[in-house]
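Below you'll find a set of structures to go through.
One chain, chain A, appears in both complexes that follow, with chain B as partner in the first and chain C in the second.
Now for the complex of A and B:
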């Protein structure tokens, strides 16, 4: 019977009583007289419960988390449930009429070629961020780890792009890439490469790579900061010991730095993938998904399903599918990192 | 030994060359943005120097008054202050309770908070918009502020909790003997103890709120309420090819963040590192 002392169990019993009373009242005419009795019982239990909670010493402690819990429930849990529900409806977001369509939205998303192209584009940006951006971050972190005084100065500079907003970065770079007035073309002409000039962001062949480069420009400082913090946790005596033994720089990196840094590498990799797959504001400001659908990413597709074509149910179905894919990716990555740690 | 030293100096020079060239690549677009904002529409496409010979500050006046940047700037300030204040208040209360107080469901709620952060929710702006419509908070300051408080909440609670956990029990007991109740301990003992973490929470969230764009895009349609990032995009729609003016606007949007960053660098870096570990 101890379990009934738990206030959560008691409150669930109260709720169940109300539901039971309601059901009996609706379904059966003969037994209707029971339901007021059940409700009376439930109300009595509720009153006891509430007074007990309020009189308890712990109630005041609980009050401390009430604001956080309220905001969290309204602005996180409710939207979360709402997405799962709306994904099964066809709804324009305004009219009260919502039509249940089951899994139709999901099937349509899976059949949508533009959706998979947007997924490919996000994958491409992520791949460049994962290789090029993180390699640069690692090289710079290794270079700065040796000379800490100068390292702090460089860290200050490298972390400026990450603190800027995507809107500012996107608009400045859009101008640099501009076909008619852009700085990049101006320099190419000045250096004599007239035939290389083009409208970088309207050319289907270059647009996505240009966006990915800006993404890496904005992001490498972030990886650099985390990698540098990781490098600084490695005890200096290890390096000194290796040097005394006559190890070369490459041997030191391979046998000391890399093995000790594996958890940090994995962390940076996971966060790079999750962040890059979901980044979209740079794209909104630079190309808005164009030319054609060449720079669309999943989140810009969700946004245009919602704002552009007012298909809220479809947008939610896209969110669910994309969220599930992200969850799967992070799960796989965490698994791999666990295996590596054990090995 | 001589050869070794020469080799070492040589590698040092190479390393610094690399670092300096990357630094230039980092700073150049910003200098270009600032330099161009001082040019006029007539000179911007011919004068490619970073700092123009005759700086024109009219662009800033035009952007501030005609472009509405004065209003956007004020809005951004209002949102940043209220959201950061809200986050500090709500998250420190909750973190204190999770770390120091006993109540049923303490662990369950904390795990729920953490689990929610692990599950990615892309496109969460769709249900948030639906919610805003239901609560009649579309195009209101309150709706935007509440949404943003929620965005920064979990991370702040987590960070503050790890600091509250480090507080020695003796401090708490001493305060209790002196007649402090729970709220008193929170206010007079615990909060001062976690000051460094509070600084991280404040700076880090201020940065995020100032740079926030997508919720502002979803929630606001009245120019009087828009923050800077949204305002910049409106502004670009109006003055499409007036690059010097646009760059002046972007400088206005970016400068406060750069200054805040340069002053509070330590706390921002700390925040980034602890957020990475948290996830």
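Now for the complex of A and C:
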């Protein structure tokens, strides 16, 4: 265990050395000459560390995870650290120089009203997805779980929307919602509801709901598949025993299906929240965040800061705050599910 | 004995490996010798020009033996990201197009990603430079004492030029009893025409105002007309506030369009492609669109009868300026490219009269070479007439903050859905302008 502790301490020292070297290089022109010395020291420490690991017999097995660790470090750890670092800089994404601004970007994000409006919009889409989308997915999964004719056909049909391109779905639904020649208005007129027709996506009262409905339609198939798989793991004997005891369908669902499905519900809920909060392609194709900021979501704001305004540092700060919020939501969901399981 | 065979096998194995490595290296050398002429790589996002570019690349290879590899990356926003990522990784091709504002262009130059073509342009008494429309060249030019602190020079070659004007449907004009050869010359006439068109069930104006830059363009045209160039530039510099009555007058035009039901329903979130479909399908009498539309309308409705006119003036004393030039349709040479000279030679050939005439005939865009204008369609000639009134943010001495541009576009969208008044927008814009100015100072 001691050697483990040493490795951890030394690894942290190596990482800190690299960060310190870069900070000195970026911030001070006079002290730049120190950076290479620190990097050399860090590299030397790294070599000692790696040699120790390789020489230590009990760590030879460690070599087997090195490729995976390297890939994980390059594609996950490094970008994550880089985003954390860039969040503290003012940078246009092109010039090789950037300016350290500390927490300025984070403070600005917190003060940005449009950012919080976009968070609210994403929350609204998530709420619709959690309720409408998952309820639909559950009903259809329950229906398909029973021995019904053409069950496989329905399973395939329900899984078509998720596999369609979001851009295609967005454009098709944009046409359906079109105020002038849209299919929705056409049906409403045909049914005699002339007074209900409107330009659905340009009306601020309906735009976000329309987008949320399309998002739910597009995404319910995932929930359906996971819930169906969960339902099929419940032993049939439990249902048979309940029927023998004279339980009604509702009692069966309440006392057998729902309690056993809690881990699946939690999984679907977490995936729905993460997917809905990060949705943006549908929005880009349908409304581009408009009218005004009525359908803006955090990812479109991040994109706008990065590409539209060339503020990479600010966009990274937005990403970090957004990531932290998603992490907090997932944590809360996990705690709630643990409490439910214990209850 | 077995050890001996084992060693012998090992020796043979290494011998084969060495022979293969030697063979491969020889093949590598020989292939280099075989194709001593380099391949020039070009990145662009212009889907409508791709076929013509490929044909021109073939012609260039036939003529010089140099292969030109045009790589298309679309849509434009994805292309913009790709170019930025390549710039960060220093993997830009020999020639590329740049999407963005003048400050992005300046940042690319400062980072050493763009070659200065001034010297080549001025060779032989400036033959190459003189062949371009001056408005097209201005967008790739940095003059002395520019605000971006870039060394004066010409940093690109315009491929073709565009401008954005008003279009009207002649058939629908006839239907409403209007003279199809006489588009409105001022704002009152424009509104009057729309009222007459509405009476026969024809919707008025369509444009891709779901795209911020299209709104910005329309607002900018009228800002120049209402208050004059100096005052607009003074606003950008921060000397005139957005709460000035002239700016409120500009924003009020959008309110008037909504109040008089002059816009096609849903215009506030409409992408320009949808707006183009609407006009091409004769579902709107007027469109605000760029010269690239000729090719688009031709594909959508070859029988569409339409004319081009400058946006109708509000203030008759000031000229009407439109956005035009070659900002988005210029090619830049990568200063770090090992094939820089070959790339410049190719650009020189590409912007020559014959190639420009071919490109113009195929893509129905205005050529950047003024000597290639001789044989262009009538409708394109109408767009060409507007070049005298063209201006562009790329040639202004100062540009607005992206945050203010976004707030302006989104704010006008909110006026169009009656959620904001022109006065409210003016106040908000001024607040954002002040915040952005202070941020730049503090940073």
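Convention: the second predicted complex is superposed on the first by the 266 of 343 C-alpha atoms of A that agree within 3 Å, B and C clash if a C-alpha of one lies under 4 Å from a C-alpha of the other, contacts with A are read in each partner's own complex, and residues count from 1 in each chain.
Here is the rule we use: a residue touches a chain if its C-beta (ideal position, glycine included) is under 8 Å from a C-beta of that chain, and two chains touch if they have at least 3 such contacts.
Quick caveat, the model's predicted, so the values are computed rather than measured.
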| item | value |
| --- | --- |
| Combined model on chain A: chain C and chain B, fit or clash | clash |
| Touched partner set for A:8, first chain B, second chain C, both or neither | first |
| Contacts of A:149 with chain B and chain C, given as first, second, both or neither | neither |
| First (chain B), second (chain C), both or neither touched by A:221 | first |
| Touching partner for A:236 - first (chain B), second (chain C), both, neither | neither |
| Which superposed partner A:113 touches (first chain B, second chain C, both, neither) | neither |
| First (chain B), second (chain C), both or neither touched by A:101 | second |
| Partner chain(s) touched by A:319 [first = chain B, second = chain C, both, neither] | first |
| Touching partner for A:72 - first (chain B), second (chain C), both, neither | first |
| Greater residue coverage of chain A in the superposed arrangement, chain B or chain C | B |
| Contacts of A:308 with chain B and chain C, given as first, second, both or neither | second |
| When the two complexes are fitted on chain A, the stretch of chain B hitting chain C, from 130-138, 166-174 or 184-192 | 130-138 |
| Residues on chain A lying within both footprints (that of chain B and that of chain C) | 93, 181 |
| Interface residues, chain C side, partner chain A - complex | 77, 80-81, 84, 87-88, 100, 103-104, 107-108, 110-111, 113, 203, 210-211, 264-269, 271, 274, 278, 283, 402-403, 406, 410-411, 413-414, 416-417, 419-420, 439, 442-443 |
| Chain B contact footprint on chain A (complex, rising order) | 6-8, 58-62, 64-65, 67-69, 71-72, 74-80, 82-83, 86, 93, 136, 139-140, 143-144, 146-147, 150, 154-169, 171-173, 175-176, 181, 183, 186, 217, 221-222, 225-226, 229, 267-268, 270-271, 274, 278, 281, 284-285, 298-299, 302-303, 306, 312, 315-316, 318-319, 322-323, 326-327, 330 |
| Sites on chain B touched by chain A in the complex | 15-16, 18-19, 22-23, 25-27, 29-30, 32-33, 44-45, 48, 89-91, 93-94, 96-98, 101-105, 109, 113, 116, 118-131, 133, 146-147, 149-150, 153-154, 157, 182, 186, 207, 210-211, 213-214, 229, 232-233, 236, 241, 243, 246-247, 250, 253-254, 257-258, 261-262, 265, 268-269, 272-273, 276-277, 279 |
| Chain C-facing residues of chain A, complex | 90, 92-96, 99, 101, 104, 108, 174, 178-181, 199, 201-204, 207, 286-293, 304, 307-311 |
